[in-house]
Structure formats: C-alpha cells, structure tokens
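Reviewing the structure listed below.
Residue numbering begins at 1 within each chain, and the chains themselves are lettered A, B, C and D in the order written.
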Amino acid sequence: MFRNALHYAIANIRSNRQVCLASIGSIAVALSFPGLFLFIFVNLNSFLSNWNREVQLMVYLKDDITQQQQVDIEALLQQSPNAEMVTFISREDAWTDFQTLFADKSGLLEELDFNPLPASFRVHFKEGPDRVDTIRGAADSTKGVPGIESIDYGEQWIASFETFLIFLKIFLVALGGILAMGVLLIISNTIKLSVYSRREEIELMLLIGANPRFIKTPFFLEGIFHGTVGAIISIGLLKLLHLYFQFNFEGTFGSMTQGIEFQFIGIFYIAMIIGASMLVGWLGSSLSVNQFLKSYQK
Amino acid sequence: MFRNALHYAIANIRSNRQVCLASIGSIAVALSFPGLFLFIFVNLNSFLSNWNREVQLMVYLKDDITQQQQVDIEALLQQSPNAEMVTFISREDAWTDFQTLFADKSGLLEELDFNPLPASFRVHFKEGPDRVDTIRGAADSTKGVPGIESIDYGEQWIASFETFLIFLKIFLVALGGILAMGVLLIISNTIKLSVYSRREEIELMLLIGANPRFIKTPFFLEGIFHGTVGAIISIGLLKLLHLYFQFNFEGTFGSMTQGIEFQFIGIFYIAMIIGASMLVGWLGSSLSVNQFLKSYQK
Amino acid sequence: MIQLYNVYKAYQSSHPVLIDISMVIREGAFVFITGPSGAGKSTLLKILFRWEKFDRGQVLVNRMNIGKIPEDRLYLLRRKIGVVFQDYKLLPNKTIFENVAFALEIMGADRKAIRYQTWEALKNVGLTHKKDAYPLQLSGGEQQRTAIARALVNRPKILLADEPTGNLDPDIASEILSLFEAANKAGTTIVLATHSQDLLRQSDHPIVTLNQGRILETQFTG
Amino acid sequence: MIQLYNVYKAYQSSHPVLIDISMVIREGAFVFITGPSGAGKSTLLKILFRWEKFDRGQVLVNRMNIGKIPEDRLYLLRRKIGVVFQDYKLLPNKTIFENVAFALEIMGADRKAIRYQTWEALKNVGLTHKKDAYPLQLSGGEQQRTAIARALVNRPKILLADEPTGNLDPDIASEILSLFEAANKAGTTIVLATHSQDLLRQSDHPIVTLNQGRILETQFTG
C-alpha cells in the first residue's frame, strides 16, 4: 500500500505543479528566516567568544614581596583549574608597556621619572563555556594570599558583559521562538491552502471507497516532500549568503573584525531545520487532511 | 462599478472564510518578520546613539600656557559648529578625577606625590547625525593652536566604531532586503494560492461576460484587504512584544541598560509596513489574476 | 442574428470537430441542434460566444464579426448571450439566489433591480423555495433549473442552451421548454442543443442534426 | 442484497425527502427508480452507500446494517459499490485513463491488472481513443461515459447509477444500457435512477416511482 501511495503522491505533485511550486516556495522562504537567524546567532556567538577570550586575571604584587611568596603565588595560580599560562610581568616590563600604550599622549606622563607600577602575574585561562566563572573562582581563592597587592579581572566589565549576554540570550531565544512559531504557522497555512485546493479529490476518494489511511498517506508524503525540498532550498540560499559574506566582508573591517571568520550553521542545525520542516510538513498536511475528512463525517 | 466590486469583494471574503483566514494569517506572520527586524533596528540605533553621545573632544593644555592663549582657545572652541558646552578642567580637577577613577587600584599610584596631569578643555557637542564628523572637524581646526599640548577624541575608538557601524548598516540593509523579498514572495504565493482556489469563479465570470476589469477589481480589493489586515495584525503582535519587553526587561540589566527604553517603531515605519503590504496584496492578486485571465485567452 | 460561413474547427489537427459548417439563424429564431455524443454541438455553441476559437471561416453574431473582436472587448459580446452550460457551472459557495443574481451583478445592475429580476427568474423555474440553499444541497434537476434561471435572468438577446433538460423529468422539461418559448416570443433568439427525442418531438422548430463534424440534415417540422 | 425498512430522511426537519420507504432488492436484480426532479432518487442512492445518513429505519446492504458501520470501516462498504454520479465527479487534472484507473488504485490493485482492466472498461464505453485527454477536453456524453467506466471498472457487486444517460444520445444510451444488462447478467445488482422515458421503455425491469418522498407505484413490466 505504501508503494502505491508513493506512486500516487508523485503523480499528484506532477499534476498540481502550480500549487506545489507555490507551496515549496513559501516554505523555502519561510524557513530561511530561522535559518538566517541561526546564522546570525552562530556568528554572534563566535564573535562574542572572541571578545570573551580577552578576559584574563591580573594579580598585582606588593613591592615588598618576598621571593618565597612570589613562588607560592605562581604555584597557586598555576594550580587553578583551567589556567593555561601564567606570565610574570616585572615592574620594569609593566612600565615599558605602559609607556608604549600611552606613547601618543606625549607629555602626559613624561614628567614621571620613577616607576609607579607594581609587578604582576597575568593568568590566561583555557576557553570554555564557563570561563568567566572559572576566572572569578580563581580570583576569589587567591584573594588575601600574602604578597598580593590587588587582583583585577575587569569585574565591572564582566558584570556588564554578562548581563548583556543574559539579555541577548533571552532576546534571541524569545525571537527564535517567535520565528519558529511564525514559520510553523506559515508552513501549515500554506499546506492547508494546498490541501484545500484538492478538496474535490479527497471527496472523490471517500466516495469511491478509499481507505482513509490511503487518502492520508499521499498527503503526508507530499507534506514531507514539500517540507524537505523547502528546507533544502532555504539552506542553499543561506549558503549563498554565507559565501557572499565570506567573499565580501571577511577581514575588511580593520581591527574590529580582524581574524573574524563567518561560520556556517553547523550540521546539527541543518539537520534540525530539515527535520523540523519535514515534521511540520507532515503535521500540517495531516491536520488539514484530518480536518477535511472529519467534515465529511455526517 | 467600484461600489459593486466592493460589495462583491465583501461577499467573497465571507464565502471563502477559510482561505481568507489562512491567507491573512500567513501575511500577518510573514510581515511580523520585517516588523521585528525594524523593531530591533530602531532599538539598536537608539542604543548605539546613546554610546555615541559619550564621544567628546578633550583639548589638553600646555602647563606653560598664558592666560591670553587659554582665553583664545576657549573662544575658538566655543565657536566650533554644534559645540554645546565647553568646560575647563584645571590640573587639580583632573588629578582629583583621576584619583577617584583609580581609587580601587589602591597603591597603584599612591606613591605619586605630585600631579602629572595637564589642564584641559572638555567640549560637548550637540547630537546630530554627523556628530562624529563635526568633532573631527573641530579637532582638526584646533590642531596647532599655540598653547595646546594635545587633542584627544578617541580617534581609534571612533574609527573602530565607525567601521562597525558601516558593517552593521550594510548587514542590516542586506538582511532587510532579503527579509522584504522573502516576505513579498510568501505573500504573493499565499495570494496566488487563494486566487487559485477560486479559479472556477473567475472562469464563470469570463463565461457570462464580466468585464475583465470587473473581475480583477474584487481580487485587488481582497488582496489589499488581506494585506492591510495582515499588516495591522502583525503590528499588533509587535506592540505586544514591545509591551512585554517594557514590562520585563526595561532597566533591569544594571548599568548596561540603565536608562535604556525600548522604543516602538515609529509611525513612519508603521505606515511603511501597512503601505508595503497593501501594495504587495494588490500586486500579488493583480499578477495572479492577470496570469489566470491570460490563460483563458485562446 | 447568427451567421456561420464554412466554419472549421479542430482541437487536434487530425480530428476536426466541425467541418465547414454554414448556417444562418435569423433574429427571433428558435433552432434545435442535435446529433450523437461528440458530434460537436457544444463546440458549436462555444464558438458562438467565442469561448472557443475556430480555425477557418466567418462567424457573425449580433452583427459582430466574432473572429475579430479584441480580447478585451469580448465581454460585450458575451453579455448579450445567455448560456445554459451542459455542466451548469454553479458556484458552490454561493446560494442559489446569489448564483442567479451574479449574472446581473457583473453587469453592474442596480441593487433593487437585481433582487426583483432574480426573484422572477427563480419563480419561473419553480425554485423560490430553494433560494437560500447552496448548489450542493440541490437535486440534479434543481441545479439545472438554477443554471437556466441564470441564463435568462438578464433577458439576453441570444440564448444558447446546451442539453438544458438532461436531468429534468418530462413534466418539468416541457415547462422549461415553454419558458424558452415565451422568451423566444419576447424576442430572444434561441439555439438549443439536445439529445432528447421527447424535446425534439414536442416542438415545431427547425432541427439541425450534426454528425462527424458536418450537418447531416436540417429538418423543418411542425 | 439491499433491504430498506421504513427509511425516513429529512435534510431540514420540515421537508422530509424520503418518508418511510421500504424496499427489497434481491441479489442480481436490476431496478429502475424514477420520479420527478427533487423526488429523492439521488438521496436514496446516497443512503445506500452511506454518503448520506438517514434519520429513521433500517438499511441492509450486502448483509451489512449500514446504520451501524463505524466511520472508519465505511470504505469497506463503498468499495463493493460502483457509483455513477449524477455530476460525474471526474478529477480535472487527471487524464481519462487515470480517472478510471483511480478506482482500482485506491484499492491497492496490482499495476498490471489496473492497466488491463482500465483499458477494458474504456473499450466498453467506446473511449479508448480519448484515454489521454483531460475531462474538460471531452464532450458531455464522453464525460458521462468515463464516469460509467469508472463505476464498472472494479466489477462491483452493486452498481448505483444516477441518471447515467442524461447526456447521451439514444443510440449510445441503449449501448450503455446493454452494458449494464451484461454486468447484471454477470451478477451485479443494479439500481438505476432516471427520468428518461426512452430508457424505461427499453427495458423490462421493475420500475419504482418516487413522488414527494413516497413510493408512488412499483411497476413490473416485460
């Protein structure tokens, strides 16, 4: 029976080409929206994690620190989980860096003929989803160790950034949810219209004694087909957009985007889009056909 | 004839309620995408212009400046176009500010017992679209005036920010264009399907001698109606989203979003959405009906 | 009123449906067209309101050379002609009343006139009690009568009726026939295609018999 | 085969269409149903394949009490029954061949059998030369014959034919009638609703006349 239904579904797609094309077109376009959204999301994420990577822990040392204290501190820092690299910056290095950084503000500090800066350890942490938490933890556990003057990891900046991230995530999830719902609605509406344009056929099948399951199957198959082809087209469009961005914008925005690569949505998301649209195609057609069949039960 | 067509269009909408609802639903949802996009765009813009407002011109003065030079410089600055307020910051004020700012880095600078900072003028500029250019202009024209040590308006930061803005604008315009095209496609497809489901009627009208213009008019009206109602619903949805954001997120993200208000898209954009969707409704139905009528010309 | 000269029509070039048909139907005439299934009766009627084109020949309807009417003025021809379609062509989501009124609406008639004339037309075919029903809620014969009412409602100069009594019982069929006779008396030129021997027997109008694309014979009875 | 006991049916409670109809049609019988337009002939047929429900009474078809068949097993009843619909119900975007084959496809028949039986059915109604045409490219009579072919293609136990010759000329009508006779000889029970006096006159089968919802008379001719 399934082969029969498949055969029949193919025949149907052929003989309703107009409706089929319109339906696939709408689905493809509708799916491009969440696709685009995912694309932006993925890239924004990698963009933000680039920034995030800059966060590091600075441990400033007292000027009167003993050799032993310094060794202890270095050991302690090296033991903190996920610490990747601990660099010692002597007072002299700090001063040189400082002067280089403010070289263009000539005269601002030229009168200083002694070095006001302390020595420090700079700790790099491995990347990871809770990198910031790790850094915070390391900072807390180092606090109060003798020989440490102060600790800095841009608490304020991190706090702002984290609230921003929370905000952004809520926003994106909400947006994604709305998008998804909207797209589902469009797709199921489109399929409803396409089922509606075939009401004669459904009626006839009922009249001449087709098994309701036989009536439904080709519509399901068609819904799934429309969904799948629509999804594939939308991913194709997205890939085109990606290539366009790659060729035109990558690395051309100076320091701001230096080293930034536009990433394509992962295989997981692609599978999700195709899967979801198959599902919607199936559900959409199944609901419409069932509703239709119900309307004939007197 | 127009009244007749209107009457007829209303009758049609009534008797094809299913198709009409599906069509309006799809249009409303489809239009919500660019609507949402505009919403994000508008708010991002106001967010960025908030940041932008922080840019100001600092003119650092030589320590050996004469009274006359200082007065001249102040006058010059006050004359620069769009300058709103010129504040003099004495060496003492600067030092106090500096110490306050770095109070938490206790010990970092405590050994300094003299003031290394210069006096300066801080110039605030009025808001405006080319505020940054104005500042740049003012900076250039002040350069080299005797008594000025150096000028700072965050060139680097501005440069980054500007490339970022250009990037963002290209991105948003591209995205908006794609969105708009996609939405047009969905809407015109939806209308095509709804015209298609009425092919019998169009045929009959041709058969019994309806003026082609008379055949088209109700479809145009219906297309416009679908477009308008769809647009109004989508704007309503957007307004709901806006209210939701206002009640839930406004001002709760600490310093980052303090003072930020979510703005609703302006009346201009609303008019644009409604206008565009009326136009698309009209064009979509007009194209479909014309194509249909053509197919009957033998 | 209606003149055909050597009209030739083939849907597929190998199988002509009408071969050099010539015929003159005067204003006010009432002509029956008969012939076996597939003889070309419907095609002939379709040509008369330019629903189908023809390949060769000349056709004049209501003083218009219908081969030469531009596409966008065809409707002017068609609204002079009432047609009872063989398959009725009623709109399923309009009521019977709306279906009949439709033929007036598309001509931009006045609302009151529409109501009055539609009611009259429905009364003539005996369907006023079904005016708010939808076509699918009617019996075959009732649908056919609706189609007849719609064709007559705007008092066309020409009536083309394609098998208008196929689904009607003999009594109602002769009622409908007398309706046509009355319209004919009032000046409407009528061309009626039918298989029904009953119908042909009942009237004394000329009968044109088509067969294999040609006029087999023209009978003047009565 | 078919038994009706006091079947009552009203679409609107004020206007009953069938009032206490009782009838027994044995296996292998051939019964004509006639009566004026709107008498309830189509409704009666629609009840027999449970397209319409009835309000009171009992109906047995093919040993099934059709008032009691659950909705999801109705199709088992319907595929034992071939129906020629008064309005044909051909699918416009399938060819004639596909339309006829459709009745076999939905039963999941073998591909080869479908091709053979469809061809035979088309041959019987004389339409093999039109097999690749679409319904709208056929004359009224050709469409009707397609509908007949579809109803007969799967050799149903029961054939319900609703005005199957309304658009056929007398010659083809009697050909179709003999087709039905042949099917009847082969064991198919036939119920045929018609107005056509010609058709009624041609055969010697019992004739049930409906009027205003009741059986007016049952005639046994021949």
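One rule holds for everything that comes next: contacts are C-beta pairs under 8 Å (C-beta built on N, C-alpha and C of every residue); 3 or more make two chains touch, one makes a residue touch a chain.
A quick note: this is a predicted structure, and the numbers were derived from the prediction, not measured.
Taking the definition of touch as given, a chain qualifies here only if it contacts subunit B and subunit D alike; those chains are A, C.
Centroids built from CA atoms put subunit C at 67 Å from subunit A. As a whole-number value, the distance joining the C-alpha centres of subunit C and subunit D reads 29 Å.
Chain centres here are Cα averages; for subunit A and subunit B they lie 23 Å apart. Centre to centre, using the average C-alpha position, subunit B and subunit C are separated by 62 Å.
Arrangement of the chains shown, judged by which pairs touch: one closed cycle in which each chain has exactly two touching partners. Contact between chains, per the stated criterion, is found for A-B, A-D, B-C, C-D. Of all residues in subunit D, those touching subunit A in their complex are 49, 51-53, 71-72, 75-81, 83, 85, 89, 91-94, 98, 102-103, 105-108, 150. Those residues of subunit B whose C-beta lies close enough to touch subunit C in the complex are 1, 4, 8, 11, 15-16, 200-201, 203-212, 214, 297-298.
Note for the complex: subunit D touches subunit C at residues 11, 34-38, 41-43, 86-87, 137, 139-143, 145, 162-163, 166-173, 195, 197-198.
Across the interface of their complex, subunit A is touched by residues 18-19, 22-23, 25-26, 29-30, 32-33, 36, 60, 104-109, 111-112, 114, 116-118, 149-150, 152, 159-160, 163-164, 166-167, 170, 175, 178-179, 182-183, 185-186, 189-190, 192-194, 196-197, 241, 249, 253-257 of subunit B.
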